[in-house]
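Okay, so chain A shows up in both of these, paired with chain B first and chain C after.
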Partner chain A sequence: MTLNKYFYITRTNFVNSVAYIQDIIGSSAFIALIIFIFVNLWKVIYGSNEYINGFTIIMMLWYLVMTESIVTSQSRVLEEMGNEVINGNIANYLNKPYNYVLYKYFQSLGRSVVKFIVTFVIAGLVVYIFIGPININLITILPIILIVFLAITLNFLIMASLGVFAFWIEDAKSLDFVYSKIIFTIGGMLVPLEIFPKWLYNISIYLPFSYVAYYPAKLFVAFDYMLFFKVLIVELMWITVFAIIASMLYKICVKRISINGG
Partner chain B sequence: MDNKQYKNLAEAISIKDLNKSFKVRQKDSGFKGFCKSIIRSQYKNVDAVKNISFNVKSGELVAFIGPNGAGKSTTLKILSGILYPDSGEVKVLGLNPQKNRKKLAYDIGTVFGQKPQLWFHLPAMDSFNLFARIYEIPQEVYKKRIAELIKKFEIEDIVDQPVRKLSLGQRMRCEIVLSLIHNPKILFLDEPTIGLDIIAKKNIRELIREINDKENTTIILTSHDMDDVEKICKRAVIINKGSIIYDGKIKDLKNNYIKKKTVKALSETPIRFSARKNVKIIKKSEFGIKIEINTDKTPIKNIIDYLLKNNQIIDLTIEEPEIEEIIEAVYRK
Partner chain C sequence: MALKHFKTQLEYFKISLKTALDYRASFIIQTVSMILNDIVWIIFWLIIFNKFQNTNGWNLNDMILLYAVILTSYGIGGVFYGNRRNISSIIVEGRLDYYLTLPKNILYHVIISKASWYSLGDLLLGIVLAIMFIPLVKAPLFILLIVLSAIIFISFDILTGSLAFFMENSEETSSTLREGLIAFSSYPLSIYTGLTKILILFIIPAGFVSGIPVQLLKTFDATWLMYTIGFTIVLTIVAVSLFYIGLKKYESGNQLYVRT
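Moving on to the complex of A and B:
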């Protein structure tokens, strides 16, 4: 009964996102351009090499399609939640019989699904046309979808924690900026972490950020059952950690909240 | 409802000696100020509400008035459990709203005129359906309820259009329906007529009165529009700078505190009017005049008669003082 209402929130935001799909297609179209630039960039870098750090050029670009799709699917959450906390619009949520963080999660899920699909299709199309298709074993699709779903969840929870944290700093935009750059780099969104120097690689793979972009994309282009189970367990662990952090910060924040604007 | 009946009703809301202050962070501007604020923040205490007490009987319709920043919204937010009071006792339907926020949410409806809750890109019906799920209303109950509300608010033709395509008045009717879906015992209306035209305002006011009357919903209404307050409510609670400065009948308020009216006249011929006792000339040009009359001492009729007799009046308006003026008058007393 209670979960029912959260699923309905997802459904409503799914319908809502479809209602202004032009918006989503518009922002995804920009990603097509970025992918196109990377296609040309990697062509030059690869030259006559077949592999770079174990990645073929096809794997490298489909890796990018996956990371872009995951990261852009949640791109607005941090700023949105941060601003709601700062400007007091959170009041509209707090007087309802639901949990704010859970509400936001299920709401964002509705949009994420639409955004993920649109970005994946558009970015994938660019790579398909200019480089070619990727070989995927059909059996691995379900585990990959599961990991992608968990990655989107983890991304949400980190953003939600930072969004509530914005209450103390009174600035969501700069947090959003810093977090997105972290995901770009040590999260492995732009390039696989193997490309980094050994010491940075060793640090990055243990940080939660790599579970948002790097691992799901790596599993997508080079599936491996051992890696899958390892990622699944660690991903769930990080999700638990950040779920606790987000809900704790949120509880403290609500008690101390001073809603601006009277 | 008259005073006799009041006494028999239970109290929907009771507030006793409520205090709430905010810590406002003091930030110097520029990069230097930013660095300083990271190392050590300076805070300033601002009292939002000071020692306020008032009760609302169940089924009552009360106007909660005050200028911007007077503490209205703070009080409403404490009542809905969103804000925590510093001290004082607050009971809503017999419960502590901070401890029972989720439980009370099922019994409270809110409309913030400036913070719409309808989904902008979706038809209002989708938002209604979502709220029915959020409030866990059984489908049969909801179907009946929503059909009733749609009919009462005359929104049959617009519930299936995206909200962004509706006029402000239509939107507000839908907003109020949204807040009523779960049949709340208490309704907070925060500036429900803001930005509406006269016909839409009238329509909303009638509906608010009807809900109060037919469903016996306790309503607290905040507004800047004195017309709203006068036409809808009998009782007003006026708050200024965090303190309650008036709590009583609106009729008494007007009669006791405001004894002046403003008359504006426009004449075809050069205006003829000389200063006299209890009448203040605020502005005078060749053909127009604006005067303030102390109606307690000089009947307004005398002045109007004089103006009409001695001038070729083409336009004449009589204005009541603005709410800010009334509050000022109350505050000065």
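Moving on to the complex of A and C:
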């Protein structure tokens, strides 16, 4: 029963997103445009080189399709949760029979799934047309979907944890700006971490942010069972850590809420 | 007449600044986070050029010039004409009524009546980059180019915002076009070739916003400066005309609201 209600929350949001698909296609079209710019950029950078740090141009662009699809599938979460903390709307959830963080997670999941698929298809189409298809082994699709699902979950939990800080700094958009830039760079969304200088690469691969974008996309373009199991274990570990952090922070936050009538 | 409008603009600016400063901590955080945001992009290019040296003739120095141009001009657009990005929602929600009743130029009044303070971070960093990387002799040219570039940004937003007069649900389209202009103009002009180059010069005028100003700052070329000025004038005329043609079709709603 407990999980059942969360399933319905996800389903409702999934159906809702499908009903307003136009809205999602609009923002996905923008990602396709960015991918188109990347096609131009990487064509120039590759020139006559076949490989850069073990990536062919086809791998590089499909890598970017994957990172962009994962990260943008949850583009509004941090700002939304932060704003609910700032304007006190979070109080509306407190007397409901569900956990606020879980509610938000399942709510965003419904939308993220639709958005991920639409972005992946549209951006993938751009790369398919201008660069070409990627070779992937069909058996690896399920493990990749699992890793992507966990990456979306981890991304949500990090954002949920950060969202609480809006309580003190009173500006959710700035938090979102800064976090998204962390994912852009050391998360590996804009370029694979191998492109970085060695010292930055060595730091980035151990941080949780690389499990949101870099590792899932790397597995997608160059699947390897050893790497898959490693990523799976570490991703689960980070999910546990951030789940604990998020729930603790919201407990503290709720204690400090003062409700002044309606 | 023009002076009166300028005075109005100054008053709006003062009010907006006072309001923003009321929430001082938030104001500072917004500005700092925007500067951090921009610096991350510059670091991204630092990494790219550190590894690949040049992309079709562009190097790190050109990229920094590009950021100096684009951040300053976009910052000016945001701080002084911040409401330009809201044109489509103002039209759709029937909020244009307010401006129609006042004895000021309607379009000008709309775009000056709100500041987007996030852009202050852009503006500050843009100016710092310009001071650090642009030689003093080129300062007049730089100022001319960022004025042109800011006018293109503003005109393009008026153009895409005015689509709301003609199309239903145009908000998503205009926001994609707007973001597209920023995205295309934040990459080296040299990566675009053939049809794409024509597209980003004349359809989404990203080339005129950043790429061509950078080329002109590197090696001055009077012909291209003339093209840029000409293009800016044409775009402005088209954008303003479209707004006023659309305005004839404007139907107000019956919504009552408090203007904030």
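Please note the rule applied: the second predicted complex is superposed on the first by the 257 of 262 C-alpha atoms of A that agree within 3 Å, B and C clash if a C-alpha of one lies under 4 Å from a C-alpha of the other, contacts with A are read in each partner's own complex, and residues count from 1 in each chain.
As a convention for this text, contacts are C-beta pairs under 8 Å (C-beta built on N, C-alpha and C of every residue); 3 or more make two chains touch, one makes a residue touch a chain.
Computed from a predicted model, the values in this text were never measured in an experiment.
Colleague: Which partner does A:I34 reach: the first (chain B), the second (chain C), both, or neither?
Modeller: second
Colleague: Could you look at A:L236 and tell me whether it touches chain B, chain C, both or neither (first, second, both, neither)?
Modeller: Neither partner.
Colleague: Going by the contact rule set out at the top, does A:Q22 touch chain B (first), chain C (second), both, or neither?
Modeller: second
Colleague: Examine A:K181 and indicate which partner it touches, taking first as chain B and second as chain C; both and neither are also allowed.
Modeller: The answer is second: A:K181 touches chain C but not chain B.
Colleague: Can A:L207 be said to touch chain B (first), chain C (second), both, or neither?
Modeller: Touch partners of A:L207: none, neither chain B nor chain C.
Colleague: For A:I58, select first, second, both or neither according to whether it touches chain B, chain C, the two together, or no partner.
Modeller: Once the two structures are laid over each other on A, A:I58 reaches no partner at all.
Colleague: So, does A:L146 touch the first partner chain B, the second partner chain C, both, or neither?
Modeller: Neither partner.
Colleague: Considering only touches as defined above, state whether A:E170 meets chain B (first), chain C (second), both or neither.
Modeller: In the superposition, A:E170 touches chain B and chain C alike.
Colleague: Contacts for A:I117 in the overlay, against chain B (first) and chain C (second): which applies, first, second, both or neither?
Modeller: It touches nothing on chain B or chain C.
Colleague: Just to be sure I follow: which residues of chain A are touched by chain B in one complex and then by chain C in the other one?
Modeller: Common interface on chain A, chain B vs chain C: 170.
Colleague: For the complex, which residues does chain C have touching chain A?
Modeller: Against chain A, chain C makes touches at 23, 25-26, 29-30, 32-34, 36-37, 40, 43-44, 47-48, 50-52, 55-56, 118, 169, 172-173, 175-176, 179-180, 183-184, 187-188, 190-193, 196.
Colleague: Across the complex, what residues on chain B touch chain A?
Modeller: 22-25, 68-69, 71-74, 77, 80-84, 101-103, 105-106, 108, 110, 112, 115, 117, 119, 121-122, 126-127, 129-130, 133-136, 162
Colleague: In their complex, what parts of chain A are in touch with chain B?
Modeller: 1-2, 4-5, 8-9, 12, 15-16, 19-20, 89, 91-92, 94-98, 170, 254-255, 257-259, 261-262
Colleague: Taking the touch rule as given, give the residues of chain A at its contact with chain C in the complex, in rising order.
Modeller: 22-23, 26-27, 29-30, 33-34, 37, 40-41, 43-45, 169-171, 173-175, 177-178, 181, 184-185, 190-191, 195-197, 200
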